[in-house]
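The two complexes that follow have chain A in common; it is paired with chain B in the first and with chain C in the second.
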Partner chain A sequence: MTDKPLLEVRNLRVEFPTREATLVAVDDISFHINAGEVLGVVGESGAGKSMTGAAIIGLIEPPGHIAGGEIIFDGQRIDNLSNTEIRKIRGRHIGAIFQDPLTSLNPLHTVGRQIIDTIITHLPLSQKQARTRALELLKEVGIPSAEERIDHYPHQFSGGMRQRVVIALALCADPKLIIADEPTTALDVSIQAQIINLLKGLCSQYDTAIMLVTHDMGVIAETADRVAVMYAGRIGEIGPVADIIQQPKLPYTVGLMGSIPAIGEDVERLTQIDGSMPRLNALPSGCRFHPRCPSAFAYCAIERPELIEAGNSQVACWLYDKEKGQGKSPAHGLQKTHTKAVSKTTTQPANTLLQVEGLKQYFDVSPPLLTRLLERTGRKYVHAVDGLDFTINRGETFGLVGESGCGKSTVARAIVGLYKATDGTICFDYVDDGGLDDKQRMQMIFQDPHASLNPRWRVREIVAEAIPAGTGSTKQKITARVGELLAQVGLAAEDARKYPHEFSGGQRQRISIARALAGEPEFLVCDEPTSALDVSVQAQILNLMVDLQRRMGLTYLFISHDLAVVNHISTKVGVMYLGRLVEWADTDTLFSNPQHPYTRMLLDSIPDLTNIGAKRSQVGGEVPSPINPPSGCTFHPRCPFATDRCKSEIPIASSVSGSSVACHAIEEKRLPDWKTS
Partner chain B sequence: MSDTSPSTKAPGLFQRIWQSDMGYSFRSSKITVVAGIISALFVLAALFAPWVAPHDPYDLASISIMDAFLPPAWMEGGDARFLLGTDNIGRDVLSTIIHGSRISLGVGLASVFFAASIGITLGLISGYVGGRTDAFIMRVAEIQLSFPDILIALLIDGTIRSILGPGAHGNISFFVVIAAISLAYWVQFARTVRSTTMVEKNKEYIQAARVTGKGSLYIMFRHLLPNVMGPVLVIATIMLALAIVTEATLSFLGVGVPPTQPSLGTLIRIGNDFLFSGEWWITIFPGGALAIMGLSVNLLGDWLRDALNPKLR
Partner chain C sequence: MLSFVLSRILQSFIVMIGVSLVAFSLFTYVGDPISNLVGIQTSDAKREKLRESLGLNDPMPVQFLRFIERASQFEFGISYQQKRKVGDIIAERLPATLELSFVSAMLALLIGIPAGIYTALHRKSWFSHFMLSASLVGVSLPTFLIGIMLIFVFAVNFNILPSFGRGEVVKLGFWSTGFLTASGLKALIMPSITLALFQMTLIMRLVRSEMLEVLRADYIKFARARGLSDRMVNFSYALMNTLVPVITITGLQLGSIIAFAIITETVFQWPGLGLMFIQAINEVDIPVMSTYLLLIAMFFVIINLIVDLLYYFVDPRLRVKQGD
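What follows is the complex of A and B.
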């Protein structure tokens, strides 16, 4: 190991002057990255991790600016370089990959043009040589038939392929460091695995260092060599990945790790860090985590802790200070409570609440009549949901999982009556639910807590709107009821006077739940209720939902793309692929003994926290377009077990060892047993 | 967006507005402050015209033909009583401008109000209902957009006048002008509201309201309307300037408000006849007043657009 690190950040401070006060987004942080090393930077939104990355490549948006400290890259100080000088380093020596592959490519140029331009800017190559190099790069990042694809425009690529192009773009000048800011967040799990493997492989091949900024602990676990945990603009803990994940020292890291639901672990409640990250204009004194920290003692509020050695890692926490933390040990409040959950399978006789039969939902996306006549094309339909059967019993939580575009959300909207089903029946409590009747017994919780509350309404109006206009509902009664509902979801009655923008994401989701509960429903449809939230807040919401279910006997349809979350909360799980259920079973059965090849692939592609540095197996290919789904079994193009029969014949569900599976290979007993690990 | 909520109750309403982000962005733009002050002066002058104006241009008893064509006070032959000179029948130009702005502003505000009401309603329906209703309303709007606004206003003005006949001309011509201008300008409102509605209606709070079983009209006017008002406010300000100018144009062409109650446009038309005989003040001063009024309202509109658009902040 060389003495000099590739990148050294010393006491970096990034400020945003605003009218009221100067906000400090990154406050006095120091770290280094060695050549060829992967440093993971984790933290919840607002922790300042992206800002750190932007500071290194000199891309902080004004009025933000670096207010102190220095950044030394390869022996040269780069934080005070002029714009022209930093441009020579940016792209040449430091590459960048951003979160959204849809917007990080120019839609008006072919991908080849963009890569070639970047190469020519940084390397002394001719147009022709640059093109050859671009082709090599595209092949390396795994773009099939690169010779042809090089002249295609970004919109002709899928999300995963586009992110590959972005990686090629970042690699094209053979940089020494890549700043990857949430490179996989916008992608599906199966694609995520492909991209992570690619990034890791290429970097070890070229000996490129990566600063991997993400909120996803799983991605960090399998990629990073060292991890820095950030909280409210400070580094809380930094050290080797194994230490951070297996023996976290900082109470915040302990809580963060505990709040991630994991498959194979059966806990009733997730660890919960109360509260949320403080806003930058209201930072607490001393240690910024102390108001949420269960092990905090008086001194934590007085002085800010600096990073000190603790084992293999460095921790900024007074608990590990020899004098101040004497006799104190980290509280165990944040460790996972390993109480075995009550058996998830319901013992009471099955009492069907919702029955969906042959549900089909097509959307007409045909071009206008004139175009159809001129081009002699027929009508086009998106087969969002294509023949779906399932039942949900009273008191159950039915989890519906699948990748984006598989029709999960459409199912939710069809059930609550936002769409009129093309075909099939939805029976609620044995009554055919034709339209928007029965509204009070069935409610919905939405994904985006920022869009699901009317920004111009006060919380009181938002919640009161959903209270049924019964007889004699006076103003006092409604106010009392709103307070009661808010109390149920853990908010104060005074919050009713505020507007939605005064709340954090998690609190907004609580308001959303309060609104859904207003009509005293029996059945809640939850469409990705936690996917827009940070993990520690997600744990709070999931715990709240479990509590409410127990208290009120609610039935949930829980839709998510996150298998671990579904595993945690559901009693039954259905796996959807391109508008069809490919497998459904009790949660325990499905996760311990998955049958369908697609389910197995999904389970395989989940990053495993216990398996540090391990490669995850990939699902090849991507989800096809639902406008023109593959014939027969829709999964056959990606399935390693596909035969000619799979290409022509739609599989019918049959019962195999406790699960209902729709797969020819299983029927013909061609499928090997699920790895017994 | 930073917190604009009134967290403390102690400061008064004015102080709260002054301290808010809007107030700050107003204060920090000097040109906007100037435009605001000028607009406020016009509004005040228009409101209190009978008390502010040195003479009453409608009081025939106080007008003397002997005072006709007097130049502004600082010029040779000027009269201290008439600061900006007098017109062809001896009316004080300053007073007619003050009274004229009253009519110009009144017509402008009224027509923007009606144009906005029509436009918002049709835009909401068009955006929310969609389909054929949307296609129909928008085709009508597009046909109308393919003609110059002033032509549309002239056409509507002429049509109403010919229906009502010449007898009713005097008293109702105010309302005819207002109707003409508002029917010419509803399209801009409708289009803006429609596009905002189409964005907002796909947001989850609208779906949440639908799941609660609320009807379309309720959702349109209780949920969507407050959320589309931002852009409406912006174009309303810009349209106000346009409406004032349009009214002046109509009056200049002789189809606007009657000459007995002259607006700025009427004054310009009257003065136009004497422009070449040397009495330039009769037309230049009302023209200048009109230009300044239009400009300052427009600047206010521009500021409002920037202040309400979080992207430009």
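What follows is the complex of A and C.
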């Protein structure tokens, strides 16, 4: 483009003075965004992505401040404006969208009032005109029956709908640039697809530029025109989306792309970048990535690389420097190992370890007796799990996927005995365990590594607690065992003396795994073990789990909302929707030939890295409340193939080309074949 | 809505029954009512007759029901010491305490809330630092000490304010008010400040910490990112959300203003319920004590009921059912 860029950031530096030292969160970065362009900013947590966005709209939390450089928006320098002046630009010319739609709206005002307030602040409109515009906006972002909904409070909207309202709020003064900070991270994949399509459509319609900050490469691939990859406060690589995704130049980008599990790809181990993002108070010298970089050479630790032209993109890496990087091949050792996974198809005879039959878990959420009497309503139950059958064989990994609220975690908790099942049986190793005495043989790994370790205990105590007592264990023996366990998960024996807060998220999850292994279990229930982690760390943990399984013959129940992760690690997959399994099959069968419309919908809604700029197929609707699940097949309100039978009769699972599927349409052979791609 | 109110009223009712039980058991377990009524020379036969005629030999539940029945008709018996109806004594003392509490509550709210907002919005200003340090004094010094110090400075040294009593009062029907005379208003100043100080600092600190919490919320950040004016963000967004939790605590505190008036009333010899209660304890005047207990419980219950209803109006999440 020849015309002047809409936004130009030159040598921006953001500092946080602390008592010990001044931390530099964003260090000397420069980039620009053209009018109508989508710039994706990716990087793992702590890379300084959000801080850059906050700096542009002048909303850095004190004591953080812009310590150098300039930000030029539409020909005007905006980083040194007074509070009153920048406020005229915020919302008017630069809009913002934040991550969590549940907390982005004021709970005490109606959405209409929040939109109208914002419109009146920026545009010379009367209350009445503003309301008309608010209505138009709500219709535009796809809120059904907007006339009625405009007077509703935020809590009356679902998550996806609230994010639509947030988009309406960001767009209400017709800004030229929108800074979208992880706009879809808190949403389910199917909703994510809706929101991304909406945002993209609206912005191209109004020629609005977007700075899309996210850690999700898939979202970037289908949305962005150009991508900036950030690492530890620096831009490592910036260029057109196709180049960055298909031919990444920076070793970090290569590793990042390789660590993302992809569907339709069968690798045993993911590419692993060892270590994690450095903390701001301990930044390495020279290139900040060099301690983790497999291609690093001596000079990398000495001088900081600046962005230089390399093909269509710019890269900050000495490998591409004409003098320093001569003869070095970039990023060897970070390619994916394309060996076929052996564990995927178990040849050994099936040996059932866990059998779940007719599992039901209801939670009583009834209003108080008096309310029930006055309003003549009965008791209310959340049908979290509503009749679930599956078996897991020894040595297998059973993946359970579904959107939030479908009952995945409840299943996990019921199996390990944290909940007493309302109905149904859970047989572990052929023993129906009403109470399960044999808890040692079954362990659980939780989602949040920050919340699942006692912050006041040393790692030694955390791990040692789970070592079974009474086996003549002396202090030395326990210490040795703790060291052994830590070594198994890739930590050092000396780490036993530290407290959990001294570790990064990934290391903490390793501690959780060590604790789970302490009792020498056969079966691990993993409830979203990697969803709180960055992709490069997720890859480390997934690789570790695969290694442990091979070495110790473990059986996993792996619960996740991420289909790609489940595809990577599981041998069998079950798809859950509103407390029921709608389809289960071998991983290969399920992902190559999905049967159930819901499975197909989920697969469709995954952003495809190989297909840049492609539109995802739209999926309507959201998961209904499990308090009043729809009658018949619970998926019928969102299913394009639903008939009257689906509305009244609960489908029973039957075997269709290798999968077990519960769907009337498949039974009646009304469903077209899955597109063969 | 209806069920919400009804269930709250039902709960209040249960609380009142519980308190009645305690008040009732005072009669039975704190001293012998007969020995309090008659002299030492009364014969045992006479005592027994009196016991019978007062119904003290009836089974406990019967006596308790009788107590509740009388209390619900505002019949609280006769004071052992003053030989007057307890209801009359209370009616005579109540205006003094209510007026003092009302002024104190107003002081606490009208100074505490704005000070809390100011210190939250201007965290770094010298005035905020001053208010916070001063509030420490308010929290840590005992009420009676503050009262005595005020008396020492303004009544003894400067002699500008009366050190005790209500001053002149005007009778409006059964209600005697100090609001209408200069001496009555002057007499109110020191006791009401003494009584309000603790609550004022508590409310200020509560509002401040809640508001700081709310100012960190995502919707505040998003509101700023939309370019809304500081005034709108601070008052229409942040303050409203701050008030939701503040209302609950404040309601409870107002109840304790009435209850804790005892100390202030003693220091300033304020002729209210608190002083009456202290005297009753000294004289083991059980009907007065038990009635005071019931009355304070009722104040708490009513204030809580009002707070719950306020909550209901401020927070739409309680009022409007979650939509589809």
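Following the convention adopted for this analysis, the second predicted complex is superposed on the first by the 672 of 677 C-alpha atoms of A that agree within 3 Å, B and C clash if a C-alpha of one lies under 4 Å from a C-alpha of the other, contacts with A are read in each partner's own complex, and residues count from 1 in each chain.
Assume contacts are C-beta pairs under 8 Å (C-beta built on N, C-alpha and C of every residue); 3 or more make two chains touch, one makes a residue touch a chain.
Predicted model, so just to flag it, every value in this text is computed and none were measured.
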Applying the document's definition of touch, where does A:635 land relative to chain B and chain C: first, second, both, or neither?
neither
For A:390, is the partner it touches chain B (first), chain C (second), both, or none of the two (neither)?
neither
Tell me the contact category for A:98 with respect to chain B and chain C: first, second, both or neither.
second
Could you look at A:90 and tell me whether it touches chain B, chain C, both or neither (first, second, both, neither)?
second
If you stack the two complexes on chain A, which partner ends up touching A:252: first (chain B), second (chain C), both, or neither?
neither
Of the two partner chains, chain B (first) and chain C (second), which one does A:519 touch, if any: first, second, both, or neither?
first
For A:59, decide between first (touching chain B), second (touching chain C), both and neither.
second
Between chain B (first) and chain C (second), which, if any, makes contact with A:289: first, second, both or neither?
neither
Answer with first, second, both or neither: which of chain B and chain C does A:320 touch in the superposed model?
neither
Touch list for chain B against partner chain A, complex
1-3, 5, 21, 24, 203-205, 207-214, 223, 226-227
Contacting residues of chain A [partner chain C, same complex]:
57, 59, 83, 87-92, 95-96, 98, 100, 103-110, 117-118, 121-122, 152-153, 155-157, 166, 169-170, 172-173, 367-368, 370-371, 373-375
Once bound in the complex, which stretches of chain C touch chain A?
2-4, 6-7, 10, 217-219, 221-230, 232, 236-237, 240-241, 244, 314-317, 320-323
What does chain A use to touch chain B in their complex?
18-20, 281, 413, 416-418, 436-437, 439-440, 442-444, 446-448, 451-457, 465-466, 498-499, 501-502, 512, 515, 519
